[in-house]
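By written order: A, B, C, D and E. Residues from 1 in each chain.
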Amino acid sequence: MTALSLRDVRKNFGATEIIRGVTLDIQPGERHCIIGPNGAGKTTLFNLISGRFPITSGEISLNNTRIDQQPPHLINRAGLSRSFQITSIFQRLSVFENLRCALLWSMGYRYSFWSALWRQKALNEKAEFLLEDLNLASRRDIPAGLLSYAEQRALEIGMTIAGGASVILLDEPTAGMSNTETDYAMALIRRVTQGKTLLMVEHDMKVVFDLADTITVLVYGQVIASGPPETVRSSRAVQEAYLGALEE
Amino acid sequence: MTRSGNGARWIWVFAVALALAVPWAFHNFQTGRDSGFVLSMLSQMGMMVILSLSYNMLLGQAGLFSLCHATFFGIGGYATVHFLNAAGAGSLPLPMEVIPLLSGLTGLGLALIFGYMATKQRATAFAMITMGIGELMATAALMFHSFFGGEGGVTTNRMIDHSLFGLTYASGMQVYYLILVWTLICAGSMYFLTQTPLGRMANATRDNYERAQFMGYDPRVVRFLQFSLSGLFAGVGGGLYAITYEIVTFDALAAPLSANALLMAYIGGTTVFGGPILGAVLITLLQSGVSLLSNSWLVYVGVLFISMVMFAPAGLSGLIIAHGPIAAAGRLRRLTVPYLRLVVPFLALVLGFVGLVELMSFLTIGAAQGKKLVLFGSAINIEATQPWLISVVCLLGGGAWLRWEARAFHRVWESLTADLKQRDRV
Amino acid sequence: ADTIKIAYIDPFSGPFASGGDEFLKIFKVLFDRINAKGGVLGKQLEIVPFDSKLQPAEALIALKSVTDQNIPFVMHCTGSNVGAALIDGVAKHNARNPDNRVIYLNCGALATELTNEKCDFWQFRFAGSVEMRAATRIRSLPKEITKVYLLNQDYLFGQSVQADTKKWLAALRPDIQIVGDELMPFGKVQDFSSYVTKIKASGAQSIVTGNYNRDLNLLIKAAVDDGLNIRFDTYLAHLIGGPTAIGATGEGRLTSIMEFSGNVPVDLKVPEAEKFVTDWREHHNTDFSTLNFMTMLDMLTQAITKAGGTDPLKVALALEGMQVKDFVGQDNTMRKDDHQLLMPYYAGVFTKDVKYDSEKTGFGWKTQYSASAADLTLPTTCKMKRPAS
Amino acid sequence: MILDVRDLHAFYGQSHILHGVDLTVNEGEIVSLLGRNGVGRSTLCKAIMGLVPPQGQVMYRGKDLAGLRSDLVARAGIGYVPEDRQVFPTLTVRQNLELGLKRAGKFGRWTFDDVFRLFPNLAARQNNPAGVLSGGEQQMLTMCRTLMGDPDLVLIDEPTEGLAPLLVEQVGVLLAEIASRGVAILLVEQKLTIALKISHRLYVMGHGKIVFEGTPADLAANADVRREWLEV
Amino acid sequence: MEIFVISLLNGLVYGMLLFMLASGLTLIFSMMGVLNFAHASIYMIGAYLAFQVSRVVGFFPALIIAPLLCGAIGAAIEIWGLRKVHHNGHIAELLFTFGLVFIVQRGVQMTWGMLPMPYRVPALLDFPLFQIYGANFPAYRAFMLLISGGMLLSTWLLLKKTRVGLIIQAALTHPNMVSALGHNVPMVFTTVFAGGCLLAGLAGVIGGNYQTTEPGMAEAMGPIVFVVVVFGGLGSLAGCFIASILMGMIQTFAVVIDYSVADLLRPLGLALKADNLLMEVLTVPIARIGALLPFAMMILILLFRPRGLMGTRDT
């Protein structure tokens, strides 16, 4: 049983093929990092998995159920949640409301227009708890759009994991963070994704090698290597295509 | 939070008390007669409050720019006429007080149908679909007589002789209180809706519909439900319209009323729940009040509108809210003098502008009527150069002066808010 | 009070403001004329205008304002939709406030039903109903016409015109064949060439139409451009702005049904009225055609005098059945059964061959046919409820 | 000295990105600006160009350009090659290049022929919409488009980002060619190799400030700086 | 056949008139994303100015002067108004133009009064050009076709062939980049808005005497032009052109069709009789609802193609 599995997934934008046959299996509980040069198609891959774009061909399944023809909200309900490379939060809502929104569906409120939010104790407690967890309690009532960049990223992560999905996709969660912020964010991610399946895109090699159980290298829409960090780091092809320039 | 929350509560209490008391301020205790005009205005305000609040469920809360909101208001009105006629004929055994609920359900019914179509899209495409729907319905209302009564509309008699409280609804006063109660019910329900999961997700899809999708919500369903519910309230508003005027014509669902809903919500401010109420009151005053004074009232509405968009995009309520932090810090007094300094040049500007517009319109339109131009209480000879000169001077001088004072005001404001920020940090 | 106030509700803003403004101008002159003669019961008449914005709801709000100010008379001349609302509003107000009644003086809401099914004791209509106009319209059609095309606006007035035209064609001119009968969207058609094509194909000799303003001007323009050589037998081409917009293209083939034109006193040889016309032309660019307004005010002042005050019920009773001679000496009667003014109508043709032209276009209305009040005494279906006292 | 940036600050809304940057470029010089992702190098370029409102001084040949509209900055003689390429996708390659010209038909140091000689790929595609070009070709196009405007100083932001090694070589050649025509370059780079190879001087940025300044040799010698501010 | 050919011609002329108005709107709408509700108001101003100017210097100079004046008005609106509300989003821009509609409407009434203006086709063009099935084809209509053809061509050239066109197109996707290449983007936007208003003004000059010049003319033309532009699709001049002609044709042909839905059902043996709303809907002949068809079509196309007929991006 795999948590997430991709079978020869392809994506064309017009005539150009961006994702050229990606096959990938992610085991439950695995921490899987995808690395690769800019424009390799990592974000596109996330977009395909999460249903933002339809795939051109191939197969994607979540917990052995096909999800590749489904709209994003159904995929989410099936237990997959993602974050965005470009921060994507509800700008005008307060931090607390952002988190509460992220909790709503999973706690069974659906489209309810008869239950008053302020009376939902369990919901509010959970949101407050998350707020503490994310270290955002002091910013509780500030519109999310006014948070600092790092705080927004933290909120983004918080909203992604709030719904309690079993498979989490994080797109460059630490992009634009300072070293200490990055360390903090990584600790947070480690903590909140305990026992979940994590698929993450990241450029920061320190983070990647620290966190990942498995690394996949994507170059021009193709997987050129996949395996435990040591194997990937020592792979010739990977060094040439991605790590080489850094390592001299 | 609690402090401003309490303040807000008192404002509501005050507003309700005011609404209860106002008609008596215009009551003539000697003759025992009410002011019908004032009651009509107040009643009109009541239904417009419902209309603009329900419109803001779309524009402000869900980010949906609808151009057919009057459709649901109007259909509620038409249906109510038929309900009232049936009730009057004895075939609908319902008391008057409950009938607006039926009107609302009619609005809801139609909103379910049109909402299903329109909410398929969002942004401009949504706006254009609703514009089309509005035009279709307005034209249909003129074309199909059995339900809409053509151009003459359909009439009814609200004295159906069936009331929970034994009221006849012959007098405008009784009708006004009926409207007030329903307005409070609607406003309360709409406020409640903003505090429910659906209301919150409407805000969320407004800010970022894509993210909402990745949280398990289908933004289209959110839009659809929000749209339908706003149709429900608009329908109630239309029902009250029918009860007040006892006639509904196609004007009740035509484009100008849709535009009015938009104007009221925007001018009042879409970001705060109560904003549209301010807008509804102001616009009703302008349309029914100022239009008694000047036939050029449309120009004033236009200019007010443009200046609001340019200088106060958050609307009246936005302007008020901006003072919140300063008031909370107890520094409001420091703004008194700067405000007072704005008043004189502002008045000069307004005087000049109004003067010029009225002189102009009297020169070309009014002069032919042989009416005397009465401006600010005194008759004015439009042939003389003097009034023209004064107006131009007021306009230009006031404008320049106001600009200058506005800059000074801006500096004071900036320093105040900067101060507050400083204090926040400490 | 030292003046007798008469409220006047009509559109003064928005796209239809031209009508209200023009009528107000006319009323101003007519009021001055009465006041110059000493007013009524020693009091001056004063007109108090209210903007209806051509919307029933606004008109009803204005009506509240009127009753608040205890103004006993309300005039209203534009829009049958507003007229219907006012009849209803006034009736209900009077029933609910017997101490503060008003009389609705309808000077131009024309739909026939307003003095038939919808008639009311408190409404007096001082303008010919569509039916009266239709009767005049059909009678004035020349003998040689055998094929007509009906084109009307798709709303209350237009439909009314359509129905009554057909009714009187059948009654008076069975020889005429209706080769086309059509309703067009009110104010929405930008291009009439397709209608013209249809009309041409039908072989009609005349378009009989209740269209006015834009809907008439564009129709005639399109027809003339297409070289359609046909008559335009209209109901309302003489309305303000019509002659200006139509201009030379209407010469000799445009006709209209009107209450008055500058050339009527010339034909009838009434120097006093002719002088009024020449005075008018000196100060105004538009025509004076609403003689019925003058008749209305004459009747109203006589009724007030007879009632000895402005009590609406007494004035209303005085108005019922009142007979006066109008400015050009013709008989006018306020019929008691339905409160419809029985008045003469004139059919005029647009031509250079007149003494007084219209709107300084060089063309004016030459009377071709006139129908007297007696001719236009048509049956009514009105079943009026009359107040007990 | 062609460019002298002094105490430059910049913000995105509430977030303070540049915290007082000082930096100079001499006539005809190639200067590299290094640093990790997100330290604010691109923001510096944008602030110089006036695409982000700058606070501080941007002296260009003795004139302060800070706060000017970006088209005026460009007309003063600074060219800008953004990191995200920003080709105009619906326009053809040739039209893209034409837009680089400040006035129609007014060529300076660079002509269509030059460009097409240097990059035969572009010549072959000159009538294709730029949107269909490969990433590498788009990068070439962006640089050439800026050069058509005949700047005396170009700010080039990560020209080798996401390019295959072969193309990276070609970029090196182009940079040399640019410098040989007397144009000064401020090169923002992540890849040390190319920067060390071609630049005359280097700056390293960290947390919105300049944390190191020196020659390539200085940097090569200073392992601390490399470890702390550059390597992963 | 006869009716068909003539209707075709009529539809073409009307379509071209629509296109004259729509071209300016589509320029503004698709370039700047501004839903300019005041477009028809500028059209009206154009007609009035043309009337005023032509009284002094004659029609043909007015044909040039009036649109230029409208362009100047447009530029002023952009510089002192629109530009300032731009950062508040499209709704603010739209509401701004909404306010303008009121002001222009009353402003025109205050300046020229309420009545139609005697603005007529110049004598030089007031003759039938040729006859078809006995119907005249007036020279002025040919002149209109010529002008609108010219507008199509010049808008197309402007967009495709000149650098202004290139800059506008480029600024749509990457305004900052265009600016960094040394082009003054705000000025380009002013130019576009002014250009759109100029086209509206030109349409006013032509439409003002083809139809009538009166204070209601803006309101009459406003909605239908929006329909054309949205139906055609944002950013597509070709779409706008096709939509104009299509709408012209639809409305023209609808008038000629006297059938209703009930007529279609009758041969199927479904004789309907009742006096209710549904019956009324079914028995309305197409000719009566001609004016509604464009709106219905717009709704339909947006439901299934939110970018319109040939739009390059979502509306």
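Basically, a residue touches a chain if its C-beta (ideal position, glycine included) is under 8 Å from a C-beta of that chain, and two chains touch if they have at least 3 such contacts.
Bear in mind the structure is a predicted one, so any value in this text is a computation, not a measurement.
Visitor: If every step must land on a chain the current one touches, say how few steps get you from subunit A to subunit B.
Guide: Minimal hop count between subunit A and subunit B: 1.
Visitor: So if I look at the partners of subunit A and the partners of subunit E, which chains show up in both lists?
Guide: B, D
Visitor: State the chain with the largest centre-to-centre distance from subunit B, centres being mean CA positions.
Guide: Relative to subunit B, the chain with the farthest C-alpha centre is D.
Visitor: With centres defined by CA atoms only, which chain is the most remote from subunit C?
Guide: Most distant chain from subunit C: D.
Visitor: Using Cα averages as centroids, what's the distance between subunit A and subunit C in whole Å?
Guide: For subunit A versus subunit C, the centre distance works out to 74 Å.
Visitor: So what's the Cα centroid distance for subunit D and subunit E, whole Å?
Guide: Comparing mean C-alpha positions, subunit E is 45 Å from subunit D.
Visitor: State, to the nearest whole Å, the distance from the C-alpha centre of subunit B to the C-alpha centre of subunit D.
Guide: 53
Visitor: Could you give the separation in Å between the centres of subunit A and subunit D, each centre being the mean of its C-alpha atoms?
Guide: Roughly 32 Å, centre to centre.
Visitor: For subunit B, what residues touch not just one other chain but two or more?
Guide: Where subunit B meets two or more other chains at a single residue, that happens at 139, 143, 296, 298, 365.
Visitor: Spell out, as numbers or ranges, the residues of subunit C touching 2 or more other chains.
Guide: 13-14, 17, 21, 154, 185, 188
Visitor: Chain pairs that touch, all of them, please.
Guide: Here the touching pairs of chains are A-B, A-D, B-C, B-E, C-E, D-E.
Visitor: List the residues on subunit E that touch subunit B in their complex, please.
Guide: Per the touch definition, subunit E meets subunit B at residues 35, 81, 84-85, 88, 90-92, 94-96, 98-103, 105-107, 109-114, 223, 226-227, 230, 234, 275-277, 279-281, 284, 288-289, 291-292, 295-296, 298-299, 302-303, 306, 314-315.
Visitor: Along subunit A, where are the residues that touch subunit B in the complex?
Guide: It is residues 50, 52, 71-73, 76-77, 81-82, 84, 88-93, 97, 100-102, 104-106, 109-118, 141, 159, 163 of subunit A that touch subunit B.
Visitor: Which residues, counting only subunit C, touch subunit E once they are in their complex?
Guide: 13-18, 21-22, 154, 182-185, 187-191, 193-198, 200-201, 213-214, 217-218, 221, 225-228, 240-241, 244-245, 247, 286, 361
Visitor: Going by the contact rule set out above, which residues of subunit E touch subunit C in the complex?
Guide: 2-3, 6-7, 10-11, 13-14, 17-18, 105-106, 109, 114-118, 120, 128, 131, 134-136, 138, 140-141, 210-212, 214-217, 219-221, 224, 248, 251-253, 255-256, 287-292
Visitor: Can you check the complex and tell me which residues of subunit B touch subunit E?
Guide: Result: residues 59, 65, 117, 120-121, 123-125, 127-129, 131-133, 135-136, 139-140, 143-147, 255, 259, 262-263, 266, 296, 298-299, 301-306, 309-310, 313, 357, 360-361, 363-365 of subunit B touch subunit E.
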